[in-house]
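As structure tokens, the structure follows; a few thoughts come after it.
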Amino acid sequence: MTAAPLVEVKNVKKFFPFKKGWFRSKQFVKAVDGVSFSIKEGETFGLVGESGCGKSTTGRMIMNLIQPTEGEVWFNGINLTELSPEQLRKKRRDFQMVFQDPYASLNPRLKVSDIIQEPMVIHGIKKEERIHRISELLETVGLHSEYADRYPHEFSGGQRQRIGIARALALNPKLIVADEPVSALDVSIQSQVVNLLQDLQDEFGLTYLFIAHDLSVIEHISHRIGVMYLGKLVEVANKDSLYEKPLHPYTQALISAVPIPNPRLKRERIVLKGDIPSPANPPSGCPFHTRCPKAFNRCKIEVPIMKKVYPDHVVACHLYD
Amino acid sequence: MSKHLLEINQLKTYFFGDENVVPAVDGVTITINKGETVGIVGESGCGKSVTSLSIMRLLKHTSGKVVDGSISFEGKDLLSLSEREMRKIRGNDIAMIFQEPMTSLNPVHKIGRQIQEAIEWHLKYSKKKSMERTIDMLKLVGIPRAEEIVNEYPYQLSGGMRQRVMIAMAMACEPKLLIADEPTTALDVTIQAQILELMKDLKAKKETAIMLITHDLGVVAEMCDRVVVMYAGKVVEEGDIYTIFENPKHPYTRGLLKSTPKLHEKRDRLGSIPGNVPSPANLPKGCKFAPRCSQVMEACLEQEPVLKKLNDGQCRCWLYQSDSEKEGVKNDSSSLS
Amino acid sequence: GSKGASGSKEGSGTSVKKKGKDITIAVQSNFISMDPQDTNDTQGYSAQKTMMEGLLGFDKNMKVIPVLAKSYKVSDDAKEFTFYLRKGIKFQDGTPFNAEAVKVNIDRVSNPANKLKRYSLFSLVKETKVINDYTVEVILKKPFGAMINNFAHPAGMMMSPKAIKKYGKDIGRHPVGTGPYEFVDWKQGDHLTVKKNPHYWRKGYPKLNSITFKPVPENGSRIDMLKTGEADFIYPVPTEEAKKINGKNGIEMISKPSIVVDYMSMNTMKKPFNNLKVRQAINYAINKPAFLKVVLNGYGQPLDSVLAPQVQFYSKQNVYKYDPEKAKKLLKEAGYGDGFTATLWGDNNSQAMKAMQFIQQQLGLVNIKVKVTPMESGTMDNKIWSVQNPKDADIQLYYGGWSPSTGDADWGIRPLLGGESFPPNSYNTAYYKNDKVDQLINQALQTADPKVRGEAYKKAQADIWKDAPWAFLATANTMFAKQSYLKGIYLLPDGSLDVNQAEIKN
Amino acid sequence: MSQIEITPQANPNKTAAKVKVHSPLYDFWRKFRKQKLALVAGVFVILLILVAIFGPIIAPYKPTAFDYSSVLEGPSAKHWAGTDAYGRDIFSRIIVGTRISLFVGFISVFIGAAGGTILGLISGFYGKWIDSLIMRICDILFAFPGIILAIGIIAILGPGLGNVIIAVSVFSIPSFARIVRSTTLSVKTTLYVEATRSMGAKSRRLIWKHIFPGTLSSIIVYFTMRIGNAILTAASLSFLGLGAQPPSPEWGAMLSDGRDYLSTAPQVAIFPGIAIFITVLVFNLLGDGLRDALDPKIKE
Amino acid sequence: MFSYFIKRLIGMIPILFVISIIIFLFVHLIPGDPARLVAGKDATMADIKLVRQELGLDKPLPEQYISYMTNLLHGNLGTSLRTKDPVSVMLAQRFMPTFWLSVWSLLWALVFGLLIGVISATKRNKWQDYSGMFAAVSGISLPSFWLGLMLIQIFSVQLGWLPTGGLDSWKSYILPSLTLGAGIAAVIARFTRSSLMDILKEDYVRTGRAKGLKERRVVWNHALKNAMIPVVTMTGLQFGFLLGGSVVVETVFSWPGLGRLLVDSVSYRDYPVIQAEMLLFSLKFLIINLGVDLIYGYLNPQIRYE
């Protein structure tokens, strides 16, 4: 666990250009605006944050599905952003992705068996082995192996996501970028899958970037957690530290908002006020200051930088200077 | 108690495939009262969405068909209404939020237009007024820069934003019954909290009844008055919220609760229900849950129990059936496992 | 001689009445130019003849008649031609018609620098002399017996010298002549309209107020226009439809012999057609009455010389009777008892295709396998006329038609069968060269004396007939249809139209 | 607790045998079988192919046999479809002509579709300058009027049926290219294509395995539609003297022949017209059936 | 978007230049001698020689090309070898009739094609579908000369309502545009049907229904726009072909359009006219394709042009 990080994200940025009208000049959605973190081998790094804060974009940049506007992504000591397309293609078997949308990420024209086989075919695994592995993978993710002969549209959402996970597991990758892999699953399967992911990690030393918005799942599965807000990381800490003493007001609000499966427990919630700012036009200073219950003057002007407050716990907030 | 707003009685919706018939919904009975929030929970594929589509009568363009049972809404038999009368109800009296935010919005129309349309249609608002309401609705569900978003296309939004758009669309006409099929699944917690507040508000103000389909028991605990637990196309347990969480009867309900991760709860592994949901094409003979049940008995494998009214709800399990029905299979649940 | 006329005089159906004196004539294709000296399509001449007239012209039977000239005189050596002009005639733009005007016209066409399409008809002109206001003399470089017919050719029609000067090269868009109708407007591909010339010199004419020509390429549509009354006169009429429309709704269909000959030439320089017996055998092997029936639906006559009967100096020969046995015998004698294979080229219009398929079938019966290759005209032209050396010619059999527009035997024989007319010079696709025939042709050109000329052509026709460089097939009829109230309108045997005496008699 | 955890190693040997994957062909056939109309059309197509093969044997008359005693006769017991201007039996000509027309119609469109599909996929998938280049080439091909193109091709390659096929194929290449390109553009943006890309799929595999099937239904529909068009185009080429030579009984040429007899002897045009119509119809119906059978979402 | 538009327009210039070279070579490669064809059937060698000189065809090919190009750059399309009219005037005269005929045909075709396509797709496997597709297949396989002559028989000869041909009034447009439109309507109908059937299975169509919208509105407003991309491609192509002028329909209806002019020019190897017409066709296709691409952008906001 003390080895060099498997993944290192160095100050990546992604600005999507967009235009309004024919004559206006180009503007940018700053989907990700300078994010840095690293994931050690065998570790699960949880990424939480509001919808649209750039989690998926970060994930896709690590997967090299989109080119960062700026910054570098290192994998296993290699700068992925500098690889030739062919080198990158070969490298891809080491990192796989589970997508957020189980409906659109499966080719409707392929059977489940073909979908799961696809990465193996791409990376030249022999047929017998593939056949064998399909049923193994299906069982692994809790699907009947007879489902291999069906098309994705014959499944309900949760079932499809399991197919997606089976596909990602097919090549025994080192890293899996799981973009909200369990949010479409019902609890019993979610727990199976979470357990499964953990088992896989224990057995094969897999490394996860686990994107989710369910803080309880994140808490359960992650070793370290990063909290994102409006394209920026605002707090990174290891699990216990984060949940016991969340530092950033945003993190505090997040944790207080998690619904508790107990009808009698009515908690005090930190309700955030105000609109979520647009990533095309982020506020000056601390991006959270517009909604922050503890904001003061400095927050509007100065962008907070990451500071270590506890060991293994950094935060970008002026409260802790 | 006033008359039920929605009464689903012994609904059976089957899909007719080329080789087999899939009984996706197989005798479901649910009632929802005015202003009440009923949670429907159950594993993926157990027929929750199909039940809701049956209510909306949106199965026409699939191979699915309601083969038996009745659905009455405010005393009207929805299944026998003409398409025209049904249209007046859809989107207006009963609105629906779909599960798939990515594909449920038309990719080639602007967000604003898609919401505005229903407002114009049902509330007979002018273009301008309906656009204003659209923007209000979007703001209400926490969409930033709503004035600009109305002129954007779905692909420009993240999944969560799209789902909020869907919610705004469904709530725009202040329906009497809102069917929300996993409305907050794709959302982050702060927005989820906002939306849940919003739905509660709506419920309180307009007495909107909500049929909340979800698998997040936390959401259920927070929102619902009653809970219906479904498994393999059937209702297996029904009861008020406290009963379900504090005194669950059915082994399946218990399993579900155990599988739910809870904040600040340090567990190495989550509890989980073993096995798979049976494929609807070849369901087990007796109780559909029997193969995965930790308390399975001989009777479970032979005959399906009925949904029995208990003092605090209903449950479909041999554990709670009367002695005469149980006969010799009493008390040896563990011997068979 | 209207021996082949088969049109009925009066329609048996309901007769249709016409209001007004404006008629529409539907023709086959677009007009190209209204400059007669730069025109080479009969249809163009049909329109021009409403507006312009020549010194001489043709009557219904292609006989030369004086028009703007009262009379003419030809020197014995066929080199000097003197014309005495009618007096008091004015062009439509008011310019008087006189000897000077004639000189301007003839000078224009006979000057190679002007690069006019009809230069060749007047290329022999050495000079044109104005004798007095109403007398002109045209002197040729060398004797040319057929020259009178060239003057009668529509290319010899007179245009106003003022207009020629004014419009220059554009005269083709602004025709001004002495004719009974004057030009109104012309929209390419759509219509061309002429109106009554109130100052026309012939008293009592014209009898119509205006004529509109419309190009209507589709056969069926032309007939439909006649049926609906949108057209008063149409030509040509497809032979297939002719019988069906005749007599219905006041429509009259009229068919007259033309001077167009249908023939199949055989390359006499190449095996096996260098063998006279083979050529004769082919002539015997083709059933001409059947050809008429199948290809022309009966509207035509068997060809009994290289010329059609109405061409000047035509002389009838004995038709090769249909006799497949004899054909086979001849082939055997020629050493082709087992037959042979040959390729037949021709145009790709439907009539040519029909004819070629017919020939293919007929020759098949005597073991000659014919491969029919219809070709798009440009492609075929290239195949035939890009050949510089006769030995390189690929051509074997060629199906074609020829209309000697001057109506004289010279233009019917020399370009097609003269020894100097091999492609690319001219149209001798049979590569036929018979010194005797050449000599006769030449002889006939040295004089304008009809007797001498007639004698020479008679001999030439007989010789050619014996040599059989062609399979002699048929002369097709001209076909037109009109509303029965329209009278005095007819087609000349060369296929051009004469409307000048047309009138409406309801 | 007596529950069994699902683990990756759970009985791999036992389950491996259980996987039963039907071949795509089997699935396809299972679905296609259900399409009654398409099945009937398929039977017709087979019939057409049989007629094309055995035409000369089953035709009651020789297609080139002239009979001047019965010219332009209407349909009768002797001549089911009447006779043409040479007294040839139209029915026999249609039977014998099936081979040429089907061959020209099918092969030429097939070549055109193959070429156009490849160009369209490449163009839509790679975009940028390749797209521009291919689309501009298509523009040029489009801009070349049909006859000029045909005359040019035949002038370069010489006349003959094979070259007619080439000419007709060239006509259809740009249309297919544009159609395929436009579908490619929309399939390219789907998430499953991105997912496959994330696995490290080569472009070629992405194109053929994931994008091409998505374009197939529009290709099939257009393909079956073009067949009739190709038969008619080939006919106009024969008419220019560039294709099948007379008297070979090519349907389109027969139809054009009939133009002169439309009011006097309509059977000359009508029967070849019907033959073309039926052929186009059955190919279209078959195409629809194929398309539906290939679409995983349709279940009926 | 706007800069994209400008970029595409500027991009046309070199394309047109390349096309002009190809056209020139191609046209001169086609066998056939314009001098002989223009000179006419009974012209002598001397006539032909004169014509050849007159037309400048006696000069070597590169020289002809250079003069063609210099003329072209000066906006001079040359004069017709056959009629000696300025080519620009000829094209101008023929273009408008063809243009309006094309527009009308396309309008018919869109109205009927979309209607039939949408009805067939929504009434899948019902009689409406079958009869719609029967009509469409008829439209595809009916030769247009046949349809044209039939329409003339019915509406001109029998009923006397409309003229048989020519271009005299608005009435003249009806029959030819119907004839031309039939085939295109058929193509549009087929494409609309198949594409719409795909779209009707999408989730967002269900969303539309769940809003309580009328089925008609769901289909026409929500599904159709998504289904239009392949239809637009096809329609663009067909419009291009239409603008080239249809030889057959122009022949049947004696229409003074570009198609017949082209055929005439080809059969006379009237080089300047052929070249000018082909250049016009190229330009027209470039413009139509640009239009189609812009419509794509409108139909599918995700296809962006930068």
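A few points about this structure:
Order of writing sets the labels: A, B, C, D and E. Residues in every chain begin at 1.
Simple rule for what comes next: a contact is a pair of C-beta atoms (placed from the backbone, for glycine too) under 8 Å apart; a residue touches a chain by one contact, two chains touch by 3 or more.
Just so we're on the same page, UniProt names per chain: A, B = ABC transporter ATP-binding protein; D = Glutathione transport system permease protein GsiD; E = Glutathione transport system permease protein GsiC.
Note that the structure is a prediction, hence the values are computed from the model and not measured.
Touching chain C and chain D together: E. Chain pairs A-B and B-E differ in how many C-beta pairs are in contact, and the one with more is A-B.
Look at where the CA atoms of chain B average out and do the same for chain D: the two points lie 48 Å apart. Inter-chain spacing, taken between the CA centroids of chain D and chain E, is 23 Å.
Averaging C-alpha coordinates per chain places the centre of chain C 38 Å away from that of chain E. For chain E, the set of residues that touch two or more other chains comprises 30-31, 145, 149, 153, 201, 203, 266, 300, 302.
Contact with two or more other chains is made by residues 101, 103-104, 142, 146, 192, 195 of chain A. Residue positions of chain B with contacts to 2 or more other chains are 100, 102-103, 272-273, 275. Those residues of chain E that touch chain C in the shared complex are 30-33, 36-47, 50-51, 53-54, 82-85, 90, 93-94, 145, 149, 152-153, 156-157, 160, 163-167, 251-254, 256-257, 260-261, 264, 266-269. If you check the complex, the residues on chain D that touch chain E are 132, 135-136, 139-140, 142-145, 147-148, 151-152, 155-156, 175, 178-179, 182-183, 185-186, 189, 217-218, 221-222, 225, 228-229, 232, 255, 259, 262-263, 269, 273, 276-277, 279-281, 284, 288, 291, 295, 297-298. Chain E contributes residues 200-215, 221-222, 225-226, 299-302 to its touches with chain B in the complex. Chain B meets chain E in the complex at residues 56, 58, 61, 83, 87-92, 95-96, 98, 100, 103-109, 114, 117-118, 121-122, 153, 155, 166, 169. Of all residues in chain A, those touching chain B in their complex are 18, 20, 48-53, 56, 100-101, 103-104, 142-144, 146-147, 155-159, 180, 183-192, 194-195, 198, 213-217, 219-220, 243, 253-255, 257-265, 269, 271-272, 275-278, 280-281.
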